[in-house]
Amino acid sequence: MALTGIEIYKLLPKTNCKECGFPTCLAFAMKVAAKAVEISLCPDLSEEAKQALEAAARPPIRLVTIGAGERKVEVGNEVVMFRHEKTFYHPPGLMFRVNDTAAPEEIAKLVEEVASYSVERVGMQLELDGFAIDNKSGDAAAFANCAELVESKTDLPLVLMSSDPACMSAALEKVATGKPLLYAANKDNSDKMVELALKYGCPLAVYASDGLSELAELTEKVSEGGVEDIVIDPGARDFAQSLTTLTQLRRLALRKSFRPLGYPIITFPGEAAASAEEEALLAGQQIAKYAGIIVLDRFSPSVAYPLLTLRLNIYIDPQKPIQMTPGVYQIGAPKETSPLCVTTNFSLTYFSVAGELESSAWASWLLVCDTEGLSVLTSWAAGKFDAEKIAKSVKEFDVAKNISHRSLVLLGKVAVLRGELEEELPDWKIMVGPLEAMDIGGYLKQHWTA
Amino acid sequence: MAAVEMPVEKWTGKVHEVRLGGEGRKSIVVGGETTLPFLHFEGSIPNRIAVAVEVQDQEPSDWATSLVSAWGDVLRDPGAWAKKAAEFGADIIVLRLRSAHPEERNTGAAEAKAAVDKVLSAVDLPVIVLGPEVAEKDNEVLVAASEVARGSRVALGNCMEKNYRTIAATAIADGHVVIAKTPIEINLAKQLNILISDIGVPVDAILMDPTTGALGYGLEYSYSMMERLHLAALQGDAMTAMPMVCTVGEEAWRQKEARVAEGVPASWGDHEQRSLLWEEFTAISLINSGADIVVLRHPKAVEVVKATIDRLMSQV
Amino acid sequence: MSRFIAASAIRGSHYIVDKAEKMLQDALEKLGPDKPIVFVDKEGAGTAYYFPTIYGYLGHKIETLGDMPPVIEQCKKLLSPVPNEHLWLPYLGETADAGVATFFAEELIKGIEFAKGEQPEVHKGYQFNGPISDAQTRSWGIKLVDGSMPGFAAIIGAAKSNEVAVKIVRELQSKGQLIFLSSMSNGRSVVDQLLEEGVELGYGTFTVPYGTDTESTVYAAGFAARAAFSFGNVAPGDFRRMLLYNKFRCFAFALVLGPMDDLKWATGAGAITYGFPAVCDTLVPQILPIGITKYEHVVSMPFDDIPGRDDLERAERLVEKCIEIRGIKIIIPKVPIPVAFGPAFKGEVVRRADLQTEFGSPKGNPCFEWLTMKGMDEIDDGQIAVVGPDLDDFEAGSNVPLGIVVEVAGRKMQKDFEPVLERQIHHFCNEAEGLQHQGQRDITWLRLSKRAFDSGFRLRHIGDIIHTNLHNMFGAIVDKVQVTLYTELDKVSQLIEQAREVYRERNARIAGLIDEAVDTFYSCTLCQSFAPTHVCVINPERVGLCGAYSWLDCRAAFEINPTGPNQPVLKGRCIDPEKDEWEGVNQFVYEHSQGSVDRFTIYSLMDAPMTTCGYCECVMIIIPEANGVMVVSRDDPSDTPSGMKFTTLMASVGGGRQNPGMMGHGKIYVVSDKFISVEGGLRRVVWMSKNLKEEFGDQINAKVEQEHGIPNFLDMVADGTIATTVDELLPFLEQKGHPALTMEPLI
């Protein structure tokens, strides 16, 4: 049973020492209760309190870091089954498989393409996360060389895939400083793999495909061996199997607090797919349904872009909607006589307005004001979308420079701003647009004359 | 080490089953789930998720070239179009009476009747008829459509807060199903379902469209709203337990990523594949969050989504 | 049930069943049992539902004369002896049965007439319509279900004069009613009257002449039965469901003009059994209690006794009464004013240069608005009066006194809804182009632009705006609206005092509205779109945490929109009186939070407090070091001793989770008597946002002084200008001797 902020506070030293980074013990306790920070940040915790708190506050799914440096990937520490219950915190890492049997030029090319891939969406740069080097050859030297080659080309995190501890050891000698994920310990090699993981301080994947009991048994063994940073692979590959198994794993961790399976999950959607499309769709399902690391076999920008977009969609905090960057947006190719509309920077508002303008073929200017991501009515009610704010944005983004007219269409149910806005912008004609985005096209057709 | 005990949720509710078609044409039943999507181990998913294909009553003027070329000449004739859609594997034909929109040709009841009749006689699949989504026009053309389709148990959409009464009334009179559409909000969805039931539409004749957001354009809102509606239904709320319809093709193909081939960043990649994936990702994500019918546009997407549904429907 | 009515109706039923039987015998002899019969209208369009009334009740299909005799037998079983003059019984069952038998017999008679080729009737060369076809039933049925045609009226007999007949029909048409015409009185039929006056009849004008005999009234029942088959999914023979459908869904009534006779009473009994009430324009015994029909059964309004200047006005009143007793809600499609109306004009400002007339203003003449509830018979819907000079009498730019008195009546109206509706006047007025409204009650301030004046806007149009919008938006609780506008200073000054008395009473009522006095709280789940597990429970002494919804608002909202986000929460059994924990509340919250919150106390901050959506006016959180709580307002950007600003606190408390020690609330809650009463109330407050101290200072000081004898309490409470950390706060509290420091420990 999770502790409330007050219960946690009672166990804290109540010194308000600020060492944890929070101004008061209470503020810290509230954050711990929300599972947003670890209790270990408190320097003066009594042993007794520590035990009580750690037991209660330990995340049901362990947070595991793969890689080192800026581009390391953190996965796990999820607290809900459904994103609407709170949010999904750690987006799964999208890694690409490199076979050690491939020609070096081919490898270099793929690494170059993946590592440099970047696409912009709602003001964010979306990127891919790393490489999984597969010891297809079964040869230690080939594996090590391949790992070394990849590492020389990128600082993205790596997964080392080999069930042979000797091969794994050879590769680790070359690339261990990057803290790669070792894939994988199985029932036959786990002692050796644990040894390697401990020796190099790397996270270790555990693989067992004969049922979750066997998997749990193995993770307990690995954990008893001293490795805490575990990633699990239950061997589920196809759509239905993946959905079922990953759902069961998430439920066991969250609903049953079942520690032996409270780890992030690694998946290989390419292994059950006959085409890039199928692989992408399965990866998409795994983004939404509970994967931590997704290893893909096929790279192309036309697959990467929708996958990254989906990941952004699913992992956005539902209580903190995506914000558009405030400014003037061009819809189509607007001219100086094109309409100027104004709305908020709540992404959904922006999308519906922009979508309607676009599909009704009105090339136009869309002024997006900073309302901290709130929708029109909410931001208006909160005083974040008022005449002053709009007037300020009109000046700040020098809206006038693009257009020959001085008419501004207010969208949404904020006609009440008109009077004040006329005072704030005396040279402008303030027009009150439709209440719903879907009526914009018709409204402009009827009223726009510039 | 104890054996791992699988957590199984005991749901008390069930999604209503809704039948379309019949009486001399193929019939299809959607809904009936007693668990979350495809969790076969804890409940039953008695009916396959259906793939519907959108047909319009006039040649679309704003469709992406890849869509247009995938269909070819049939786009000029709703009957031929529907027939081709059936060949491509559609489970249901969705006829969008787009020409009735005041900004299109503002056609009326007579044209609507003709278009519905064409589609009904061209294929023996179940049919959904959608108006132009302008309240007064919807009332006009859907009432007409309802009359022609009497006996074919079609779904009429959309019943919205503004005009649900007329469409609900006509559906009752002619024995059809209605689609209740609300803007991504659980309480509004539930409220409209209650209002439509109050008028006398039985619960096995209501589908709901909680409004689809395409990938990158509000998908997450639809995704979560549908998960919530589905969960509420499983927890026993009969007024959120209507099977869900998602207009995936329409929303996905409105977006720049699907429509535009030229002048976009290189990182968007190959247009053909990207546009297809845009539609397919939206479809699969919403199927995984509880959709019972997805309405698609591209024939290739129909094939891929159907194949994926097959794989999801197979018991593990 | 009146014995008189029972006796007449039963007599009438005997007569008509006897007549049907004789006609049937005769027809069987002449035409034979195989003679087919189909009901068709004058165009030959028919029905697939046989004899719809009989089919609806019995599920019995009549296709030939030979199918009829069993129905005659059924009729006879329904007949009972005419009541003895000296025996008083309820008679309700007998009369209802007589009504059913009458409908059967009347429909059989019509059928026999069809068999004989005598239907639809031709009378004095005029071709009557006869029964309505299925196609027309479907088309009108949709309108009846979707509300665009609010109901139908069966006019039986003839009006006092042609003029009155025309007026009645026009009034009904203007209210969107479908009209059926039948029967005669004193040898005249309303159809004759309308034809003489050149009124067009037929499907196209929604006015259908059935026939000149009373029997043809049964076509209206056949129409209603088919509507129930088509739109109510009622199976033929399932008469119970058919009657329920007609009572609750089919807004029909009979308007009986002229003297009654036994057959009319018997037919009326049939109509009442169908759920259709009757209004008579002659003196007859009334059946007022509610039962079979939704409201009264039989209402008598002797025409010449109806108040009114002339017969036309009396006709208008008569129709109004019909609409009222059937519970028909009228929607007025367009606000009848000479300027544009819509949300687009809400923010419009009327500047001095454009000003035609100004009412009120802080320095100007008095101006007020006062909405008050009246009895249904005390006011006339739509009456708008201007008492005193109108706009033309004032010079442009003048400031003028104005009193807006709105009287409303409604069967579901309650005194407590007065302020809720009164506040809407502001929103309504602002939607008119060129009219600007500010303030409320006795600080109302209106401005009207020259352009609006030039377009023809006059004072009565304010009345029109209020009348139309109250009907359209609050039709669920409002049936009648009457508006009077006063512009004479004397009168306004006198009325404003009366209004102030009412405002004071309302304030006292709200102040006196305590949690203990009610058994129902209200929920608000408006915010579940982004906080899916959050449920606001709103009690009289705590507003919703956004500050926008009081208990009264929620109650009105529920009446207006029974399926909306404000639902009644029955308190149920009390679990803990001190914390105010209730079984009913817990259950409601559990069900509506998707099972995530199972306990909920009304008065405690520390034990199971209310969850927060993410949009509250204030956040309250304990300051353990000070053994107290702090309250920070949304409008306060200051740091606080909790170590968190409002926005951070909001993020921690929001999202529908329960956080003991922390809670969102509406700002007015700080002056509630139930303010965290479990934790000791206002004395616990050690820090409060400056804007709250300013806004509620006097009230808070008065309360703490009265309850705890501590004067100037707020001087002991810190704010952002005094302390933004615990280290600054504690010495301040010590120095002031804040009571919280010595209170029972919070934790």
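When the chains are written out, they are named A, B and C in that same order, and each has its own residue count from 1.
Convention: a residue touches a chain if its C-beta (ideal position, glycine included) is under 8 Å from a C-beta of that chain, and two chains touch if they have at least 3 such contacts.
Because the structure is a prediction, the values reported are computed rather than measured.
Relative to the C-alpha centre of subunit A, the farthest chain centre belongs to C. A comparison of the B-C and A-B interfaces places the larger number of contacting C-beta pairs at A-B.
Separating the CA-averaged centres of subunit A and subunit C is a span of 49 Å. Per-chain CA centroids place subunit B at a distance of 36 Å from subunit C.
Once the centre of each chain is set as its mean CA position, subunit A and subunit B turn out to be 29 Å apart.
Each of residues 532 in subunit C touches at least two other chains. Shown for subunit B are the residues that touch two or more other chains, namely 228, 231. Residue positions of subunit A touching 2 or more other chains, listed in rising order: 84, 318.
Touching subunit A in their complex are the following residues of subunit C: 343-349, 430, 436, 530-533, 596, 606, 614-615, 621-625, 634-635, 641-644, 648, 652, 654-655, 658-662, 725-727, 747. Chain contact summary for the complex, subunit B toward subunit A: residues 1, 3-7, 36-41, 62, 102-103, 133, 213, 215-221, 223-224, 227-228, 231, 254-257, 265-274, 276-278, 280-281, 284-285, 288-289, 304, 307-308, 311-316. In the complex of the two chains, the subunit C residues touching subunit B come out as 138, 141-142, 144-148, 230-233, 249, 525-526, 528-529, 532, 563-565, 594-595. Against subunit C, in their complex, subunit A makes its touches with residues 4-6, 9-10, 14, 16, 22-24, 26-27, 30-31, 33-34, 84-86, 318-319, 378, 382-383, 413-423, 432, 435. Within the complex, the subunit A residues that touch subunit B are 82-84, 117-121, 211-213, 216-217, 220, 238-241, 243-245, 247-248, 251-252, 255-256, 258, 261, 276-278, 280-281, 284-285, 288-289, 300-306, 309-310, 312-314, 316, 318, 347-348, 351-352, 355, 358-361, 438, 441-442, 445.
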